[in-house]
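The letters A, B, C and D name the chains in turn, as written, and every chain counts its residues from 1.
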């Protein structure tokens, strides 16, 4: 069984995401809770586990800072998958608890905030109580400290509680995006519907440097799907840029763009090429297909070969024939 | 007294930031706690208060999603100031409590996470307890529910507690950035060290659209200081872009860039021009000074004037003389 | 009658172009030959004539340097029309001259070069003789110095000669482009199918300056139709750039682009907006229509108005509604 | 002896340029006049000669269309040198001819135009006569058809004439630029002060395509030194672009830019990398040095290698260390 760490404790959305990743092969994985994102990443780095599933971005809350920071420094890790999980909560109670008996409802403050309207409607008399995680709230209910917990659905698997309600969410379409991370060397094969992530530190304080970086992508027809800036070393004013864009490391134009960013940046880290969770197929426009890159590289190599010798035959073409297109 | 809302309850870092903004004129302001960011923004929109102080971005946690979303929709609000607050906590206890008696220490889970190392060293036996806010933790200590609370320093002003420790932070240089927001019409005069913020929704799914937006800034010599993408309406795949850049609405090149972004975007919202908290002076390169813009506009107007009449005198110059530079 | 100078003497292609420009209103113009391009330009500048018709560019020979240079310095002139003239020659002889009697054929060396194949086929025994212009060759034939002259068709109007052949050209589709120039103040009204010309001197020796200039056009959706570089003051290494692009001075995006080029250049001269000879209609993409420019300027003005007063009503929108598109 | 064709007949500026190219090794070359540029280029293509020296660009007249067109089509040729020749004429007469006896002065019309002021001052009574070339004028003087010829200085070597005047030019600093062309395979080694020439046909009618091509150069820090557009196949509206830029095919950034242009263009032809006649040294900015390209390519190769195998050791770095700079 392949050990996969997740941001625990047992019963979190991260576990739910890890199980989604496993899909039909649930039995091939051992799910290992980690207390923090840092510990989850460290477990992969140290080889204790092979994979880690951690949240990257929440459509309501935004980027998950500890994951972003944890990927930018330390031994390199690469995403081998992304998982999009709709954020819908279950409300768990001890078996047989009626609504009238729910006087306290506990969860992580963020989760409480996301079901506030639902609580006001369905459990108007219950007092909200903070817990350090949704799963800790479930533990508290099991122990009798609280009457109800707002949790990920998977929490019902681990605790002796029953669903009072499920699919609960004030904002119907909130989604959290998770990365499944591995040590380098496991990049999945291209599927035609892939995404690539990097984190870049630009040369300091030069006007236009980010515009140039994005122009490197745009000139190669590569669609940027997300950009995030995070202050470097806790200071504002100098930033790391996290870029997600369409395509796979194995594609010529993506490799070419990565090399261009590498030259242009003070620091560039590859965070993986992996299948897009939305299966959106990427296509390269004429001039940016793999064939165009191969043709251009071959043409250039031909020119340079000629330089090394006196080509008496003159059969080499230094021109790209119109018939290419 | 000018009423200013802050993300409460009393004793939060947002109150601390509002007081920092007030500075020497503390007595001119009435500080009004609001339970959520949305309520604080709403209070300004409704005219209940004149200003609101809310967190925008934390150097550890990243962007504050609710503030970002709250500014992008609803009646327009504009930042009239930014405040940078070093995140250093106080640990408050009931007067006279010795370390040995601190068995529980409460705070918002994020605050607990930021002082975890300090707690392990100085209060190794205390159990961490979640609260819905740092201030709620202080209230809990006052009520005897917890023994210590990790709070903003200003909490000591409001609650009958004493400082067990202050200046506490695992990461020494964490900073939170706050906006002081107002209804439109209060844009501060330019200081020469200003920043401008906008939120933009680009045309959907066109490769290179963000590169073009940033190129509009770069071509005018405008330095981008921050960029953030937030999924639109809870969906990934379509994003709002939050841009902070150097300069002031009143500057020609900034106005010109704003107009260009307006043309290029499906939706563009001005979030204010305000003095930079770091006082960093902005300078325009030759070709992008206000004088250059005025000269170019005058030249163009001259050309167009000529078009409307038959200029028999021929004294108008359609050329920019070399001596301009 | 409106006097129009042309690059003479009588019977040149420039006269032919001037007559093409006059079209049905031939009688409204007085056609005045000028010995050189400089003299033709000077006659307009001095007010001796109202218009001048001079060659700009030949599809075989390339740009006409003296015209290019003459427009870049001195009192400003602006094109009010362009004329495209297919270069097809007539071969003129004294009335009644049979092929067998044509022993010498004269013309400007460039004209001789363009009919060389025709001469080899039709007058294989005739010796080619250089003349200072095609019209001078016609004069020489009239005087009996030569037997045949290769000329513009219009030469037959002026000299007592007859057409031995007409429509003669080795390269069937050679075309010369002429400008009809005037003193500033006569810019024709926009037709929807217009072209604008400028000559720019960029800041010296800065890498990428021309790329930036062209990006200013591209970002506004303006199609460049021609670019030419000419060494400045007879030196290589520093160049003037002649740009022709689609659109008219009266269009918002064109005016905006001109102002941007003006800021970016050491010297920028407007060379006119005039109807395209090929009648190719220009269209502005969404984001670059006049309406978009007007909307953006209005939005910006609104923001700036707010700055000057305390807007107590709060009714102003600082946002571009989605419904714009 | 290495045969080198030049645009003849004997005594032209092209011969003068070929001799300048030969320099101290004059005896190693056999100078072969060709009647037209096309014939000169054809002689190299057919292997009759090894090199050809033809004019490319004149600082007064502009680009030489026949050379430009001749290089763009047919079997590929590449420049191995450029020669800059100040255009100063000699006036040749039969030995012993005094000024008073000079009643006719002959030359190519272009040459006559460039010495017109000098003639008015020094030979006010002489009548100007057209000849098909400067050298043809010298032949005519030798034969007694004319009294004086305006020629390249080298003409005095070939004809039994003497210098009446030398260093003659109305515009003191006119310069003609010549290419020395060879079949592919002779690219000179990089000198650090090199130039590269290409001719490109862009995708038809796409707004911004030239801006993108120049941006490909600018992003790599490559300085464009000249740009020329020539109508394609005798039609206006579709153009070939001739680009000259700093650097040598053997440089990484130049090769990378050439490959990018190749992908972007319908047709791209390499016209050579050769030492700059002005010896201006080119330097690459940080991020665009050969070392940066090698580092980026190595980094990318490392990433891709990882993909093909399960890297159990985890020793590969996917990051560019800060210490690079």
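In this section, contacts are C-beta pairs under 8 Å (C-beta built on N, C-alpha and C of every residue); 3 or more make two chains touch, one makes a residue touch a chain.
It should be emphasised that the depicted structure is a prediction, and the values quoted were computed from it without experimental measurement.
Put simply, the chain farthest from subunit B by mean CA position is D.
Subunit A and subunit B have centres, each the mean of its CA atoms, that are 26 Å apart. Centroids built from CA atoms put subunit C at 54 Å from subunit B. One inter-chain figure worth recording: subunit B and subunit D are separated by 57 Å, centre to centre, where each centre is the mean of the chain's CA atoms. Residue positions of subunit D touching 2 or more other chains, listed in rising order: 212, 215. Pairwise, the chains that make contact are A-B, A-D, B-C, C-D.
Looking at the complex, you find that subunit A touches subunit D at residues 45, 47, 75-76, 78, 183-187, 201, 203, 212, 215-216, 219, 249-250, 255, 258-260, 262-270, 287-288, 292-293, 295-297, 299-300, 303-304, 306-307, 309-312, 314, 316-322, 324-325.
By the touch criterion stated above, subunit B contacts subunit A in their complex at residues 36, 57-65, 68-69, 84, 108-109, 112-113, 128, 130-133, 136, 171-175, 177, 205, 207-208, 210-212, 214-215, 217-218, 221-231, 233-237, 239, 241, 278, 280.
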